[in-house]
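Notes for the one structure printed next.
A, B and C label the chains in the order they appear, each numbered from 1.
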Amino acid sequence: MLFIGLDVGSENTKVIVMDETKKVLAKASVVTGLDQRAAAEAAISQSLQEAGRSRQDVTKITATGMGRNAIPEITAEMMDEVNSAAKGARFFFPEATSVIDAGAESGRALRLNNRVIVDFAVNEKCAAGAGAFVESMARALGVGVEDMGSMSLRSSAKVSMNAQCVIFAESEVVSLIHEETPKEDIVKAIHDAIADRLGALAKRVRTGNQAVLIGGMGNNVGFVSSLKSALGTDILVPPEPEFASALGAALPDEEE
Amino acid sequence: MDTLVKPPTNGNEKAKEFFRWEEYRWTSQDIDWRGGKVVSAGIDIGSVGSKAAVMVDGKLYATANMRTGAGSADSAKKVLDWALEGTGLSQDSIHYIVGTGYGRLRIPIAKRAITEIGCHALGANFVYGSTVRTILDVGGQDCKAIKCDERGKVLNFVMNDKCAAGTGRGMETMAQLLSVPIVEIGTRSLEVDEEPEPTTSLCVIFAKSEAVSLLRRGWDVNKVLASYCRGMAIRIAELLAHVQMEEDFAITGGQSKNIGLVRRLETMLGVKALVPKEGRDPQLAGAIGAALFAKATHEKAVGVR
Amino acid sequence: MSQGASDLISLQIDGQWVKAAPEMTILDAASKTSVYIPALCAHPDLPPAPGLTPCDSVFRDCRKIDGSVTGTDEGCQLCLVQFQDGSIHRACDTPVSEGMVISTQSDAVVKQRQGRMASILANHPHECLICPQRDGCDLTTCSMGVPPEKRCCSKFTFCELRRVADYVGISRETLGDTAEIHPIVVDGPLFTTDYSLCIGCTRCVRVCKYVRERSSLAYTLSDGKVVMGWSGATPRESRCNFCGACVEVCPTGALIDKGLRRKPKLLFTKPASPPVKSLPFNADTIEGVPDTAGVLQLFDAQRRTICIKGTPNLREELKQQATSTNQAKFFFYEESGMFTQRESELLQEFSQEHNHLPTLNTGGDLDDLLG
């Protein structure tokens, strides 16, 4: 029996294939682009191919993410992002007290008490504090997104970013570049700014002593460091955090 | 998602920069500055545009509007020089210069800096006349609602400078995304059969994704522009509600020329925006107000006030 | 002035000796010094809150709410002070006595006050109060994703609760979130009541009972919490004649005049405000100011703001101001790279409270430059 978790995000569509023993057999990530259904199909076939299995073996496909309603041809089984985030985080950290989900275009934080979601806060109104910010900034700086993390850890001076808005921050970064501020310091400032905003969101639900970060931003070591400072606590990051929500959606139902 | 930040170009890429509006300058043909008693200038360095207004005895003589460069001091010199181009008037012959604007403002060539809110109100009073009581200024990176009296003195104001929604930068982002020259957005947004629903997101970044999905649904570009302009107008109307609008109402800043935004605002507010007086550019209101303050400061100093 | 001087007693508050009449409270005595004691339920024109008799029920929006008369309101308890023997008392209802030595800022007092503030704020929507982007926010769009019912009301820039909370200090970590959200009630053509914002200070109840002598408003106790409401089923039945006294003394947005955008009519004494940080405006203190970018504020002799100005060089600008105005007696400054933005934020806050810009910003030497 195969279970597929499908996370249709604003930037990327992620798939996790697992069997009934909750073993992960394969995963795939495809750029969502303009056609969510095509992206989902591509991700599913890629991962099934990697697992060496076929579509008939699939018992259930559960969709999560902002595009979960857009693919009725693929599945009608849906899970909202808060639940998939909680389940995915707890798969790696059963005693997690809170989950911070830093996606491409939205941030959410949820509080867990004895595995039950007791509070959550979402920001879907403003792109600041989301992955899109980091990408814009990487472009403005002319560096690769994957290099942002290590660059920020090399920063030696504190630069403060005034702009809240991603769009305004672009021009602020340009003037910082003109003033010949070292790029490492700019990158750190960007991470600090996003961490502050995500941190403020997280503090609204109170993170407790086991805060878990999921979502693509978890791969950015510089950002994780900034978030630790913003929250004043340690942060747990699962391996391949961008797949955590897909994994949460894939998990067969538990009886508790 | 495209970035608006581009390294200096060699001019060949100009065709692809839809967000770029035309820079311009103007000299009055009716005034000889040599015959004037007081020559004053105002420089307004905004986050997006730098403006200069040179006045002779309180009448507009020369103006210029160009994109703000790297530093305010540099931009100030450039825009003033451009305004003076071909006039024979040199900076030294200007009796008094007042600077205003936004950001890490340093204008060494100005003798004094005055808050941009004050300059905008006084400038609007000049551009639109003494009946104006509520001014909406939609600048590059902010949006302000100002209440003033018949002399252009500020009574109250509310502003948003934290979020790109309702600012010129938001409009530029849309222009670039939809490949529509920014100066055409307004007219094209009105060329629709029926007014569509506004974009659901205020956030410009999200509105961009929304625009893309609307295009996929078969909407034509004009309809998407209409939807976005409507969303912007709603956001701006909410800001105006904070100052208890009073007529007459006028708009300054770059977006005063976005007819799509202006018409929708008028409909939502139930009020017609004033039309500027002949030959007076509302986009230059800040610089004009600064130039008027400059004139008065000089007159006071030499004792003619 | 020396009439009955022999009846005055002397006491020391934070090192300042002050003379007071024997029946005065410590809070009253402190108001004669430069010492500020924070308080939300106390009001200069009203008797103190502790001890005010509750009713067994009140009405809200024509609905009866039953409560208890057992117990009494203890007040906001922000005005705590510490005696020499270490005991802690409320300043608002403790009478002065000869030779008292009082500390208003001891560690124990500061800590207890912050705990009390946290309790008050836990029941009042506070996301805007503690938001790091609070200054300069127009309250229309929240980019933190806070739902509208949890945001601040229209009194945002001049709310007494906000001022006092800023002064006492708000600790995010200790702050709970138990605010109940009630729909806003329109009790008549003149004002609105937002029970979600009521902190139970009972100022409205006391002004109606002791000053207006109508007792239209009352309070009851529910789970030990103050629940304010009408004494009768409707305002009319409660004998309210809409004088607006309750609106004036309310420290939050719970009672608001419709279209409140101007300075309220000052029928009552304004409660003491937290002190404004200021330095004397003279050449020596100016020399000590850094020559970096920032925003300066000039105050007159009564410490009212007369100018807010952003500048690339604080020290130079202050020197220039010193030559061009003689109204300024005090000043303060903040360093800030984005000084025009900070200037606009502070100007916005000022204009929303006073309905004009500080006099020297567009008045003073600029006023006669207009038209």
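The working rule: contacts are C-beta pairs under 8 Å (C-beta built on N, C-alpha and C of every residue); 3 or more make two chains touch, one makes a residue touch a chain.
No experiment lies behind these values; they were computed from the predicted model shown.
Among the inter-chain contacts, the highest number of C-beta pairs connects B-C.
Chain centres were defined as the mean of their Cα atoms; on that basis the chain farthest from subunit C turns out to be A. Separation between the centroids of subunit B and subunit C, computed from CA atoms only, is 38 Å. The mean-CA centres of subunit A and subunit C are about 42 angstrom from one another, to the nearest whole unit. Listed for subunit C are residues 133, 141, 143, 337-338, 341, each touching two or more other chains. Touching of two or more other chains is recorded for residues 103-104, 162-163, 202-203 of subunit B. Those residues of subunit A in touch with two or more other chains are numbered 124-126, 164-165. By the touch criterion stated above, subunit C contacts subunit B in their complex at residues 133, 136-141, 143, 259, 261, 293, 309-312, 337-341, 343-344, 347-348, 351-352, 355-357, 361-363, 365-371. Subunit C meets subunit A in the complex at residues 127, 131-133, 141-145, 172, 177, 337-338, 341. Against subunit C, the residues of subunit A that register as touching in their complex are 121-126, 128, 160, 162, 164-165, 196-197, 200-201, 203-204.
Considering their complex, residues 10, 34-35, 105, 124-127, 132, 135-136, 139-140, 142, 164-168, 170-171, 173-175, 178 of subunit A touch subunit B. Those residues of subunit B that touch subunit C in the shared complex are 101-106, 113-118, 121-122, 125, 130, 150-163, 165, 202-203, 235, 238-239, 242, 244, 292-293, 296-297, 300, 305.
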